[in-house]
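Dumping the structure here so I can ask a few things about it.
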Amino acid sequence: MPCAILPIGAVEAHGPHLPLGTDNLLAERLARRLAERTDSFVLPTLPYGQVWSLQNFPGSINVSNEALVRMLYDIGESLVRQGFRIFVMLNGHLGNAVALKEAARLLYRDYPELKVYYFFYPGAKEAINEVRESPSSHSSYFHACELETSYMLYLAEEHVDMSRAISDPPEIGLEADCTPTPWETFTQTAVLGDATLAAKEKGERIIEATLAAMTAMIQEAKQRIHTGKEK
Amino acid sequence: MPCAILPIGAVEAHGPHLPLGTDNLLAERLARRLAERTDSFVLPTLPYGQVWSLQNFPGSINVSNEALVRMLYDIGESLVRQGFRIFVMLNGHLGNAVALKEAARLLYRDYPELKVYYFFYPGAKEAINEVRESPSSHSSYFHACELETSYMLYLAEEHVDMSRAISDPPEIGLEADCTPTPWETFTQTAVLGDATLAAKEKGERIIEATLAAMTAMIQEAKQRIHTGKEK
Amino acid sequence: MPCAILPIGAVEAHGPHLPLGTDNLLAERLARRLAERTDSFVLPTLPYGQVWSLQNFPGSINVSNEALVRMLYDIGESLVRQGFRIFVMLNGHLGNAVALKEAARLLYRDYPELKVYYFFYPGAKEAINEVRESPSSHSSYFHACELETSYMLYLAEEHVDMSRAISDPPEIGLEADCTPTPWETFTQTAVLGDATLAAKEKGERIIEATLAAMTAMIQEAKQRIHTGKEK
Amino acid sequence: MPCAILPIGAVEAHGPHLPLGTDNLLAERLARRLAERTDSFVLPTLPYGQVWSLQNFPGSINVSNEALVRMLYDIGESLVRQGFRIFVMLNGHLGNAVALKEAARLLYRDYPELKVYYFFYPGAKEAINEVRESPSSHSSYFHACELETSYMLYLAEEHVDMSRAISDPPEIGLEADCTPTPWETFTQTAVLGDATLAAKEKGERIIEATLAAMTAMIQEAKQRIHTGKEK
Amino acid sequence: MPCAILPIGAVEAHGPHLPLGTDNLLAERLARRLAERTDSFVLPTLPYGQVWSLQNFPGSINVSNEALVRMLYDIGESLVRQGFRIFVMLNGHLGNAVALKEAARLLYRDYPELKVYYFFYPGAKEAINEVRESPSSHSSYFHACELETSYMLYLAEEHVDMSRAISDPPEIGLEADCTPTPWETFTQTAVLGDATLAAKEKGERIIEATLAAMTAMIQEAKQRIHTGKEK
Amino acid sequence: MPCAILPIGAVEAHGPHLPLGTDNLLAERLARRLAERTDSFVLPTLPYGQVWSLQNFPGSINVSNEALVRMLYDIGESLVRQGFRIFVMLNGHLGNAVALKEAARLLYRDYPELKVYYFFYPGAKEAINEVRESPSSHSSYFHACELETSYMLYLAEEHVDMSRAISDPPEIGLEADCTPTPWETFTQTAVLGDATLAAKEKGERIIEATLAAMTAMIQEAKQRIHTGKEK
């Protein structure tokens, strides 16, 4: 019942205390832990993502949805041919979500025998609500803030420089969800919140919650495939 | 300061009490009200949308993101050439959101002098929280439920048959956000909630809130263009 | 034996006496009459078309062949999946003809079980020859002239302002068929002929002729499908 | 004032008396004569065309509109860069008309300084009406019939075997213009008329008429470019 | 066991002593000889190729890989439908190699029953080493030099003007293989070597060697198809 | 004078003694050494490549040229916007060569101010000829053989298991360069030669030669940019 996990992140500005490759580190280390718990293969990290919003910040590298969709589709197609039945795209960067969903739908259409997941911290909501101290800057974005910095402290502490962590919560108006809005419109630091409140324990709490959720989904999928309930 | 409003909806199953064209009716009537308040032109409704999730329900017609993006881009390009400075895509169907955002970003890249909005009930959250009686079935989906039926009662009452309204709240598991999941997986009626709780007054409250929010954004954009603050 | 009729028109300048949406009105009303006679469904009108020739006239909105082909293909594909066997694209705008034919051929290749029609006033020639008083400005174009205005008087009289009808027959040289030629090259009014000669009776004569021709084709297709002669 | 002429034809069944390459021969020889009269360059013949209608006949080779448009666009772009101001696509095959017009419009948009012509026997109507003895089988198609065979007798007599010429006028119903209709539906020979009536003199009359029309258009274009009236 | 041979060349500068259509002449005449020896059909020459490197030289016409791949794929698809089992792309221009290989792989994926060859002087190495007197200017390019001129002297002598042959061997640095490098960077004449050393006998030696190699491959393919070893 | 180096490899079978990620390891470690010598940035490795030939071997993941070209183009475009003037694609896998060259040409057309290199062991020929003991299996392919294994021993020794190294030189016929030929046609091990002859010193000799060549090209490019000779 082979399962392959593809970490996918981005090269993107993450404020003064986190590296450009934050999303890649998170995706990759989450992938390794998930693989251990689910007896899966970890594929090499795809380190380029759709970074439209922050593309004008120093160090960001933006890749189009079109390029991502095509590459993810091709990887999925190869996995089918290699006999895999579960393909997990473990996403560390929200901007990739559209491309991952599109690629998954295309694979679903052409290779229904392949179960495709796109994971972006599923099942973390409750834990987040419990540990978060600073308010959220946006209903769906979080970036280089209390949350993401906590994830890094738990998963890649050696890449975090908490001495440079800042609090810079932006005002993100309603319009940002209604018209193309590069993030330099509302932040100069790319830190969407208060990174100084980050803590390894907070990260652990949330990351373990999402790992449990992802593990459960994969185990159930394996079970369904094993019993023939999944086509 | 010409502003053009394009209503865009979908042809999609909406349960026994609402017509297939519900999203088109909502987009079109919202557009007319918004146009009155902002002195804008209403373009003919684009009545076909991305209906992947419900494409297997009787009466649904699904159009690809690719087709939508291209058509919306072309319409925007024509509007620029005709001298418009504001292009509002007034969306009545959540499934269109990806295509609208992509088209808006392409237009932003190629025609920065055109302000492009994609509106899907912006600024309605507070009003929704106040009037809603039934719980939400999903963090972002609402469909043929207390909310959407209320919108219809306020904007297109003659197309609602409340005698056929039902309550059929589904269990939507975490997996539905992580893998391609056609809605027949969790609902047979396409009614994501309790339509019997719909009321015209609820619709009025929410619709007027979003109309106010949209009107404010357009008025400010006009002001910025007028004073030359918008490039 | 379900048959679906899609009206498709355009937003395009039609002189001082006809609205921008003339082609949409014609397509839509023809579709309704044809549906009554053939027991078919009428789909929502697709109101944007390929308007290359008149794209520089005030009010025109041009959509590329590529966008049209893709959207029409997607609609046809959905219809097949919904069980339709006949898909009629009822066209009110000559500029759409290339896209419709291309979409029909693609559907024919991929879904041979779907009979696809693209109708642009078929079977009207004899009636036209009988009623027309003004000469034709071009071997295949007619626009906002005696003919089209007559169609409108018969099908959508409330949208015609005959007090503003003019006669402005252009000289269209041979070169217009041999090199890209926007219509502002030969007309300032977009009226390709003498609209003052339009008459409801002329429109009735022609429209009824084409309705009869379209009805006959659909009925025969239904018969062939019923008897299994159509694959 | 360099002018380049590209002959474009097709490989397509032309009945028992004409070769598969009839359209290539006609395009090429017309091009040479036109070049002599207008002091133009003749490019190598592009011998593959869109042959959808006859693709199931022995010997036909069909190329998509997409491939043709792209190749014609590329050739035009190279010509602009080489300093040409007039690009004539001399077409010997009606099925290519859509692709040629589309390529010409794309070049017109991107390289307005290049005058692009797509010629398919322009200005021949009067001469045709005078010499034709057999009725036309279709309002726009002619193929391997009295007309085309006459063209061949005038331009490429050595490739015509009149001893095998036949008369096989088909009944082409109205539906053939309204739904995808491969020609095997109405003809087994691909001869759309009476080839036995072909005559070199008829060909000469028509070909000379169209050559005169094409020559006039090119000369006028050169004059306009010379005097700076053409941008 | 029908086999079709498509000559494909280019329009490209070939120095003062060779015509722009050199690659077309070579491909076409090689094709004819190969056809005689293998009882194959020769298709009309596709005379436009990918000429990126020399596109800025007078007379060159450049066509994109994309256009070539699409057209070659379409031709191959038609051949399959016409019953061919072997499709030989006989290439006279190195710049086409990428497009030919890509088209062949696409056909291999979609039509495995069609054997597709892309030939660019296969099996000529030994003969070249024997007859060549001037050093090679580049490990894979040869152009208008001792070799190609010798080919022309053997296959199309009437198109060679040896009185204008020159020796102009360029220095082609390592960088030319590592970064986009138009050939005007290292040559003004497009003669990559010493054309004065060309000789008909040298051409004969090499051309006959490659003809023998191509003939052997086709004969073996026919044999495999005949015995059912080729699927 | 910022210079960015992108390592690009592949996931591909490399025989029993080398890992699937061999090409990624080689590209990445070469990139680091090259960056040190040229004061450049190393971007995250793009670990998926075009693996058509070995796609049917266990563990291979194949990505299309189209996906690669698009992603490489996007990365290059971001680099230009970030102020880079030199973009080095450091390639560890021959199958990527077509995509890299195409992407480089597109960037050259659209961003001529960006110098783009595609490096696949340039300048190594002489050193190879000196150290190689086993014959080459093919004029351009080398794979998991004496050469590539030597590279690994020098750059990533900890990933080589010489106890499993084998000698399995294939017979690669002329046809493999003339028709689509998956490598399982001529090898079962993917070892194109004699891996047992690999030696760290051989690798050092060749790798240092190519590093010197690449370093020289980049230094010269920087010099040209500095002195304004490069546009």
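As written, the chain order gives the labels A, B, C, D, E and F, with residue 1 at the start of each chain.
Convention: a contact is a pair of C-beta atoms (placed from the backbone, for glycine too) under 8 Å apart; a residue touches a chain by one contact, two chains touch by 3 or more.
Note that this is a predicted model, so its numbers are computed, not measured.
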- Query: If we look at chain E and chain F, which chains touch each of them?
  - Reply: none
- Message: Quick check: superposing chain B onto chain F on C-alpha atoms, how many degrees is the rotation, to the nearest 5?
- Response: 120
- Averaged over CA atoms, how far is the centre of chain C from the centre of chain E? Could you give it in whole Å? 49
- Centre distance in Å when chain B and chain C are each reduced to the mean of their C-alpha atoms: 30
- Any idea how many Å lie between the Cα centroids of chain C and chain F? 57
- Touching two or more other chains - residues of chain B: none
- State the ordered list of ring chains, commencing at chain D and continuing via chain E. D, E, F, A, B, C
- Message: Going by the contact rule set out above, which residues of chain E touch chain F in the complex?
- Response: 52, 65, 98, 101-102, 104-105, 108, 115-119, 122-123, 174-175, 177-180, 213, 217
- Query: In their complex, what parts of chain E are in touch with chain D?
  - Reply: 11, 21, 24, 43-48, 55-56, 58-64, 66-68, 70-71, 73-75, 77-79, 81-82
